[in-house]
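Common to both upcoming complexes is chain A, partnered first by chain B, then by chain C.
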Partner chain A sequence: MDMVFDTVSIVKAGQFLGAGISIGFGAIGAAFGEGLVGGFANCSIGRRIGMASPYTRTMLIGQAVAETSGIFALMVSVLLVFGDFSANGVCAWTATLSAGICMGLGALGSGVGAGYPALEAIWGAARQPAVGGQMTTTMLIGQAVCQTPAIFSLVIAFMLMFRNCVGLDVWPYGASLLGAGIAMGFGAIGSGWGGGQAGGAACEGAARQPHLRGPLTTLMLVGQAVAQTPAIFALLVAIMLISIGPTEGTILTSAAVLGAGISVGFGAIGSGMGNGITAEGACNAISRESSTTKDMLTFMLVGQAVGQTPVIFSLVVALMLMFITFNIPATLVGFCALLAAGISMGLGAIGSGWGNGATGAAACKAVAMEPTQRPVILTLMLVGQAVAQTPAIFALLVAFILMFGNYTGPVTLPAAMALLAAGISMGFGAIGPGIGNGITAAAACEAVGNRPEERGLYMRTMLVAQAVAQSTAIYALVIAFVLIFVV
Partner chain B sequence: MDISGADLVRAAAFIGAGIAMGLGAIGPGVGEGFVGGKACEAIGRNPDEAGLLTRTMLVAQAVAESTGIYSLVVALLLIFVV
Partner chain C sequence: MESIGVVPRWIFDLAGFHIVLNKETLIMTWIVMAFWILFALLATKQTRLIPNPLQSTAELLIGTWDDLVTDSLGLSDRRYFSFIMTIFLLFWVSNLIGIIPFLSEPTSDINTTLSLGVLGFIVSHYSGIKFKGLKQYLKEYCEPIFFMMPLNLIGELSKVVSISFRLFGNIMGGSIIILVVTYLVYSLVLPPFLYGFFGLFVGTIQAFVFTMLSLVYISVQIR
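Showing the complex of A and B:
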């Protein structure tokens, strides 16, 4: 079997792969979001048969917005199927594949996210028929903001597709373009999804307490803006990888740019979703207890700030990979070390980001239940979040060890794969404990809201449970160390 | 760089170890956290039964831990034995 390809064939292959990925992943989010809206519309109509036509209208408007990201994905797919990008040089094969990844995954979160405000608007109108028409505005604002990450993805996908890279080598510039697509595509998921959940809670609250529509919209918009940060980090890295990506270098350079994309792209998922969930909790809280409206903004922002930490770790690792010249051999071993650093930090940030967000949300609700216990709840939230941060810190540690390791041993395939596996072990291994720690801390915060006098007991139980939930992250760390240092 | 068949096998074993421990850690972490959370909720409703609830929590978490330990064992086997 001969394997010699001309540029046109290689670029075509990239385009077709990208086309499939774009609409394949892009279809998931919009469909899921629209399904949520449709389901709740049915429940609402079942409750109030006479309102079938206004609910159907709201449903269709809400679904149309959720469809937007799916249409973006379709547009990129169609361009990739019918366009001919081979005139842009051989790098166009990674550029077009990357555009597909960027748009497909970038549409996922926004599609699902846009479903939440619409479903809550309809469900809220069914519960409180008096508010009916006013819900549409809150719904549309909430949906519009969570569409932003999909628009970022569309912009990056176009930059990638139409990038003229004649005369540039696939390694490392093509790899840099692939890193850009991975960064923006995955980096858009969390912010879109989380922003939608915040919008949903604002609509739910506005239905329960119509007079709080103003403060709820403010809280939603601030919360969504903060939840957008991880997607903006991803956008920044993607733009840098496209515009100032390395045009020459060893295979280490290629590994570094791919690792940078993976680190910030995956790392943005958890923090984006987590920040959105915290904003959701804050909106729920003020609609339950309107006297806490004033304090809630600060409380939400503290929770979100801590939830931002994992994606900041990811951004730091991505920037280090892009701008530091590493003193490691340009062999397969060095290649795998830098790639693994990106995988460890990117995946390792997902669980902690989400878990921190869930804790923040529960703390906001607890403050609404028991406003006098604010200091206790704040302490519990911060301790719980600090412990939930541990898996991301393990991942950061492994990433640093991989980046600054001393690779003097013989260059063999096992040695290289051991380093790659260390990154995979620590990265995936940090997801579950981060989420689990967050859920535990969230429940402890809510428990203080229910029965403040037992707060010492909750703190103790929380820490015991978190310590146990941490164990698998520690196993993953041990396996990563064994893979790096022993074998 | 020469790659022999034995190299390939060892390399695959290491990748397998990483995947086994990495993915295998997701479930127990989430599951045990969920148990811990529900235990906090239950103690919140019934503080007098804290001892019983903590015990139940630890039993349930121990069971949920098992697949994590399976992953650890398989990962160690892949690294040191095969």
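Showing the complex of A and C:
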């Protein structure tokens, strides 16, 4: 039997793929989060047998909120299975596929994240039965805010599905829509997950110190709002790709819009997680040492802001890819160069964002332990974060070289794959060193909190250890350079 | 929806230069400045021991920021205080102005945030040279080892990029979300809450973050 490739069947194929991806990935997060809540609810009931029914009630409320993101994914999935979007033109196949990617991945982070406030609320009620009823409010606020990235994804998924693109070509406009889906889908993971952890820490703190519930809620909300910045950047790029995406252009234009989506989407994962972890650390810190409540907000914001630098690099690379006309031949080599630039920056930002967040969290805790050492801890945090930023800067460097390189050589498959491999090498290669450097710096900050008089020693040890951990990023950089310039 | 990405401009030639001005940004920035000048005049018209509401608002703002600046820099310097306070007041109202119909945020233009980011960069490095001396200032670029210099340099420059793009991205993203959702729900129910969250809450936080970072960059240079 012959296969038919008319608009209706191509769009249907896109819809079905999108539907599978949407509910497949979307089911991961919500179920994970709900499982966590259920587990802790059972532990709590084990601790206080008589309280089984209130804990079960809180568990069910918490799980219902965590379920929301899964329901969004189901909704998009059902629309894609039963709807017919072929009236929107042939581009609708990438539009519907990318709506599935956007919603499925976008629901992942928020689903897991919404679990943390609920589990801490139940666990906290078991630890401190007197506060039981009040925990539910803090829990619901924390969950609602970490659900925001999933709502962003839902908005983008709807925009993609119902976008009328009659008469537009799949290349480049369809590619632009795919880029939008990747940007928002991946971009929502970190902010949702990290925001949930911050909410969890606030609930835990409110159980330890019920009188600090007000300041904890404020700190949590501010921390979560800042942790949402990476998702907002992803949303910004996604909407730009949908509403002012290129309607005509060469193969290069397609590569550029895809690269832009990958860059900001992946780049947002690390910074979103990192910002959330920092907010978690700050909430933990004030619930241990309430006298530092006043300074903690400022300290947390500085730590978070540095942790956002990698996603801002990604945003800049994405904006450059979208708005600059590159002086590159429109061949497979040029296509791979621009795509690789996006991959390098997007993946390269994950580790540094995450690591910087861990450092910020440890610094917040150290300030709570040793409030008099605030300036020392701030310096140590900033130095440690600056070194942990280096892998992201390497990735930025490689992305720039790929975007503004001179590709006059013969167009061969190996030449194209070498450029793509350079992006992959630097992108993945930067993840580990970024996280590792961040953890080293985090330990140094905590050490100052324990024994401040040895701070010179910590700084030296930290820098030596980071230099060693950095070496793998340098290997990746060297291979990327060899692939670009030599091969 | 069609208004995304459209920037109203004034374009003219003056003394041999081709000048492009972003009309909306300029007008909105002047509105913000006019607001604060008016506020300052009204608040200080009759200063009394028992303050009227305007005067106490002004005292609260100034007191809070005076404490923050003195605390971060470790010294009381009115020049740094007025610089930092000005940034905050300008960006705070700039971020909030979008909740008034027909007005838009000047901070959703990258030129506004980038110029203030560059200004903060210049002030912090000038203070670094002034407080530590040129030799010590340059020496710090070679820490921990001398060949880290290029990375330290990029690291410093990336601060300008990150501080200005953070504010721009948040405000621009917020206003676009409001626009898109308003369009999707036919202006029903949701927009006021979105204005509350993105306009008031995120706007205030981001103005604070920008100002605090400028302050921290200065304090890292002079300590």
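In this section, the second predicted complex is superposed on the first by the 483 of 487 C-alpha atoms of A that agree within 3 Å, B and C clash if a C-alpha of one lies under 4 Å from a C-alpha of the other, contacts with A are read in each partner's own complex, and residues count from 1 in each chain.
Just so we're on the same page, contacts are C-beta pairs under 8 Å (C-beta built on N, C-alpha and C of every residue); 3 or more make two chains touch, one makes a residue touch a chain.
Bear in mind the structure is a predicted one, so any value in this text is a computation, not a measurement.
Aligning the two structures on chain A places chain B and chain C side by side, free of any clash.
Shared-chain residue A:V411: touches chain B; no touch with chain C.
When the shared chain is aligned, chain C comes close enough to touch A:F152, but chain B does not. The partner that reaches more residues of chain A, of the two candidates chain B and chain C, is B. In the superposition on chain A, contact of A:I479 is made with chain B only, not with chain C.
When the two structures are aligned on the shared chain, A:G434 is found in touch with chain B, with no touch to chain C. Contacts of A:A52 after superposition on the shared chain: neither chain B nor chain C is touched.
In the superposed pair of complexes, A:L332 makes contact with chain B only, with no contact to chain C. Judged by the touch definition given at the top, the superposed model places A:L315 against chain C, while chain B stays out of reach.
After superposing the two complexes on chain A, the closest approach between C-alpha atoms of chain B and chain C comes to 18 Å. Comparing the two complexes, no residue of chain A contacts chain B in one case and chain C in the other.
Residues 331-332, 347, 351, 355, 391, 411-414, 416-418, 420-440, 442-444, 446-447, 450-451, 454, 457-458, 461-462, 464-466, 468-469, 471-473, 475-476, 479-480, 482-483, 486-487 of chain A are the ones touching chain B in the complex.
Residues of chain A touching chain C in their complex: 152, 155, 158-159, 221-222, 225-226, 229, 232-233, 235-236, 239-240, 243-244, 298, 301-302, 305, 308-309, 312-313, 315-316, 375, 378-379, 382, 386, 389-390, 393, 397, 463, 467.
The part of chain B that touches chain A in the complex is made up of residues 1, 3, 7-8, 10-19, 21-41, 43-45, 47, 50, 54, 57-58, 61, 65, 68, 71-72, 75-76, 79. Chain C meets chain A in the complex at residues 1, 4-5, 68, 74, 144, 151-152, 154-155, 158-159, 161-163, 165-166, 169-170, 172-174, 176-177, 180-181, 184, 201-202, 205, 208-209, 212-213, 216, 220, 223.
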